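As written, the chains take the letters A, B and C, and residue 1 is the first residue of each chain.
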Amino acid sequence: MGTASKAVADSRANLPFVYRQYSAEQLKHVLYKMYLIRRFEEGAEDSYTRGLIHGTMHLSIGQEASAMGICMPLGEDDQITSTHRGHGHCIAKGAEVKRMFAEFFGKTTGYCKGRGGSMHIADVAKGNLGANGIVGGGIPIAVGAALSSKMMKTGKVVVSFFGDGANNEGAFHEALNMAAVWKLPVIFVCENNGYGMSTSTARSTAVKNIADRAAAYSMPGVIVNGNIFSEVAEASYKAVERARAGEGPTLIESKTYRHRGHSKSDRNRYRTKEEIEDWMSNRDPITLFENELREFGFIDDKGIEAIRVAVAQEIADGIEFAKASPSPHVSETGNYVYTEQA
Amino acid sequence: MPIEVILPKVDMDMATGQISRWFAEEGATVKKGDVLFEIETDKAAMEIDAPASGVLRDVTGREGVDIPVGAAVAWIYADGEAYGTGVSAEPMKIEAPTSPSDGGGRAAGAGGGEPAAAPPAPAGRPADPPHKGEGEGRARATPLARRLAREAGLNLSALSGTGPYGRVVKADIDAAIAKGATKEASAEAPEAPAVASTPGVKAMSDDQVLRLFEPGSYDLVPHDNMRKTIARRLVEAKTTIPHFYLTLDCELDALLALRTQINAAAPVKKTDKGDAPAYKLSVNDMVIKAMAMALKAVPDANASWTESAMVKHKHADVGVAVSIPGGLITPIIRHADEKTLSVISNEMKDLASRARSRKLKPEEYQGGTTAVSNLGMFGIKDFAAVINPPHATILAVGAGKERAVVKNGEIKIATVMLVTLSTDHRAVDGALGAELLVAFKRLIENPMGMLV
Amino acid sequence: MDAMVRELSYAQAIQEAMAIAMEMDERVFLMGEDIGVYGGAFQVTGDLVERFGTERVIDTPISELGGAGVAVGAALTGMRPIFEFQFSDFATLAMEQIVNQAAKMRFMLGGEVSVPVVMRFPAGSGTGAAAQHSQSLEAWLGHVPGLKVIQPATPYDAKGMLLAAVADPDPVMIFEHKLLYKAKGPVPEGYYTVPIGKADIRREGRDLTIVATSIMVQKALDAAAVLEAEGIDVEVVDLRTIRPMDKQTVIDSVKKTSRLMCVYEAVKTLGIGAEVSAMIAESEAFDYLDAPIVRLGGAETPIPYNPELEKATVPQVPDIITAARDLVKGVR
């Protein structure tokens, strides 16, 4: 992505990172994408309640700034591994919502041809190597992808998204250690939304901040407010620079909150209504970003309204596309287990 | 070939027996006719004689445990006969299956099939005692021998097996063919059935059925769950319950008169569709009540069969077969013996209407102690219904029709309804069923009894 | 074939295969614990690190889960890793990556990716390494669609099947019996492959089919030689691949001999013998069986330390001879 011109940069010298680094068009596109993630998940939730989607899903509503901020400095060739709460990562990395809806509806036009669903959503062409149903499952895989990048000298950076729950998995520790020992171009992004299903980090994790774990693996550990787009993007930008320079991995802890329950079967017994309400009304990442954009003169109310209308249209079109798409035939159940012999 | 010593059936109702005492021990030389062991039944102790002379081996029937009728309890080896190789040149003797017990009484274990429970294998012996003649004349043979016998038209059970446990192997078939056993030999002997342990005819496959019709001359309607459930439950009921049937005439004139009177007396109730009588009894409502009261009067017939015990019910819960689109269902009037006719009638209307819209809850159609099936509205004169387990009875009700009847030497006209009671013979014997049906008839013909 | 054929040990054959694969394709590299200067716990990688350097012969930390995951990730993104578990027992620590990730990635993503990883599992008893270093767990992985699981029994197959595994687009798990590493056999020089999913008839016979895997193949051949003197003619089928299984070769053999015995070192219950037996019972070969099917497998215990007990827990040549004789003579 191009950067703002020198003159513009000077006039923004005192503004937060992203307003110095990116153009108004780029930032408006970020707002568009944050709305797209929010509305996509709301649309998926609505389709779920209408019985159009089966299984379950894990919504990241409230975490949009984290997904967008981390992916902001990534190029299309860079790769990510994602989590069961991965819709935002997928859109942030460039996926089309219509093919995501199609996947959720189990259709052949979906990214995984209806075989993966929400929990395994992927867009390999755009560098998303897939959401993972196993907590921590994607972390060593990201390290392996970074090893490929180093061995093949492709210059790709790999981001591994995971939640606070994964920081207590063995895979997390083994993978961080190897990435540091081998100085691989990988960024570990812990989206700490406070709860591993129902168990709070205070009850599950011995360190106060998950970023503190970085010290054990000799890599920088950075804590950002995950609901402030600029903070997240700035930390990601630095980590990407470090990775590309061959200096090795970074652990970013993005502190955020999920507005919804863990999955569709969550009764929210482990946190208070007041707590949820506080995050929704006072710390919503889209509202915070929108307010900054308006305050710094990057957009006006009309511009925001136009974005909302356009997003609503893209979501409606996506759902229609998914509905109209064909389902796989049961005779194809055995496809893709092994590579088809030519 | 050693001679098998079995636990014989010595009592009509006997499925298993216990050996109370052995008079000869492993390795003893016995003479044909010597007392080998004693069986204890609930009526008497029976002494069992040796079926042959020789040496007693492999005494597997232990004292004091239940052993299925027909199971081998020991073997008698002829003097000098090799023991332990399981191979012998003598033809294997296949015991004819025990004949089914007469009288249709409790006949579990009779007529072949797998014994209900195998005796525990004694310590120090392989777990596979050489049962022979198990099942309906099924010979022990390898799959290859079976196929070759089938192809050669040989009757397997006529062959002697030289394999372990007398198993017929390929070499035996080859030998039989070499000896010139011909197809004629098997002409009268049916081919060894592949699935002999399941009595009865094997159902035709879908393909076999469809091949009988011209393609395009039919539509295929896939079964819904209700159809599958009906099919499964009826096959189960008709193949596992020994049904028998009792039919009786009931005169309805008194009942019809009483019904008219009761309906005329119904108070008027305000409903959203205007005024309506608080109840309107049908003949069937009165049949339900009569059946429930009859079961109370003959409580032994208000029962369910289980393998371990007879379940004697304290209430009469009457299931009523309701025909609905695509099938039928049997909602239940609980405690029908205690309910008034008007309560039964209104409850039945509600159940039937919800049955038709498939809105019944499982607890409203599961269980029950008997059932009533009424095809009188179609003019059916008489039929027999299939028992709906766990019930032990079901009453099939025909149409009430005016008929000429002879009373005290005179021909009179009466409205007559034929009813047929199907009973589960394991739970309700003939006389008991008759008693129940007579009690029912008395209530139908003297309907005032249902009001008190 | 003009290639020079020499005698190599099973371990040397694997090493040669890995060297050829790395020479032919720069995407191929090795990962594992102590496979570099140490040469691998069983000296299978030997001095490959000197030829290919530490960048392509990578010593991992003692992190089986993480290491397996890195191999999966590298395979997913274009590399061709060969990952060595020091002992197959240690793969239990990595089941997540093998079973949930490597096996399912292609399927879950609708065919958009493939995971051409090769994993090597030194397995089996007989070394006095006791219960945690002697297991035969191949049936565990044989149960997982998406994986291919092979058990080469000779140096020739070890080389040819490893090269086939590296060329395969899907994850291939190779179970190598530790006692076979020193076994010698003819191995041609240069590149050749032995197909995955194809069983091999090691010895033709009329009276009995023995389906054997891994080290049990040689034991079955030894038993067959003794039985031949008694007039019993044994056919020995080396299964070689347990997923996807070469059913037809076994079926054809049983149709010929009418008797089947399965011999394998893993615990008898719920093992490969059960699968082969059931497959035959379901197949057209059923009507050719002239005797019950017999399984000879490992005892229902962990592998003990004491050498006599250790030997007693897995089928030995005399066990195979006795069982085969009983089966053919009609005692069973």
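Just so we're on the same page, contacts are C-beta pairs under 8 Å (C-beta built on N, C-alpha and C of every residue); 3 or more make two chains touch, one makes a residue touch a chain.
To keep track of the chains, here are their UniProt names: C = Alpha-ketoacid dehydrogenase subunit beta.
Bear in mind the structure is a predicted one, so any value in this text is a computation, not a measurement.
Enquirer: Select the chain at the greatest separation from chain C, using centres from the mean of Cα atoms.
Expert: In terms of C-alpha centroids, the chain at the greatest distance from chain C is B.
Enquirer: Please find the two chains that have the most C-beta pairs touching each other.
Expert: Chains A-C share more contact pairs than any other pair.
Enquirer: For chain A and chain B, what's the span in angstrom between their mean Cα positions?
Expert: The computed centroid separation for chain A versus chain B comes out at 64 Å.
Enquirer: Taking each chain's centre as the mean position of its Cα atoms, how many Å separate chain A from chain C?
Expert: About 41 Å separates the centre of chain A from that of chain C.
Enquirer: I'd like the Å distance between the centres of chain B and chain C, where a centre is the mean of that chain's Cα atoms.
Expert: The computed centroid separation for chain B versus chain C comes out at 53 Å.
Enquirer: Find every residue in chain B that makes contact with two or more other chains and list them.
Expert: Within chain B, no residue contacts more than one other chain.
Enquirer: Within the complex, which stretch of chain B touches chain C?
Expert: Touch list, chain B to chain C: 85-87, 142-147, 162-164, 167, 169-170.
Enquirer: Give every residue of chain C touching chain B within the complex, in rising order.
Expert: Its residues touching chain B are 258, 286-291, 330-332.
Enquirer: Give every residue of chain C touching chain A within the complex, in rising order.
Expert: Spelled out, the residues of chain C in touch with chain A are 27, 29, 55, 60-61, 63, 65-79, 81, 96-97, 100-101, 105-114, 145-146, 148, 169-170.
Enquirer: List the residues on chain A that touch chain C in their complex, please.
Expert: Touching chain C: residues 79, 81, 110-116, 120, 122, 124, 129-130, 132-134, 137, 139-149, 151-152, 170-171, 173-175, 177-178, 181, 335-340 of chain A.
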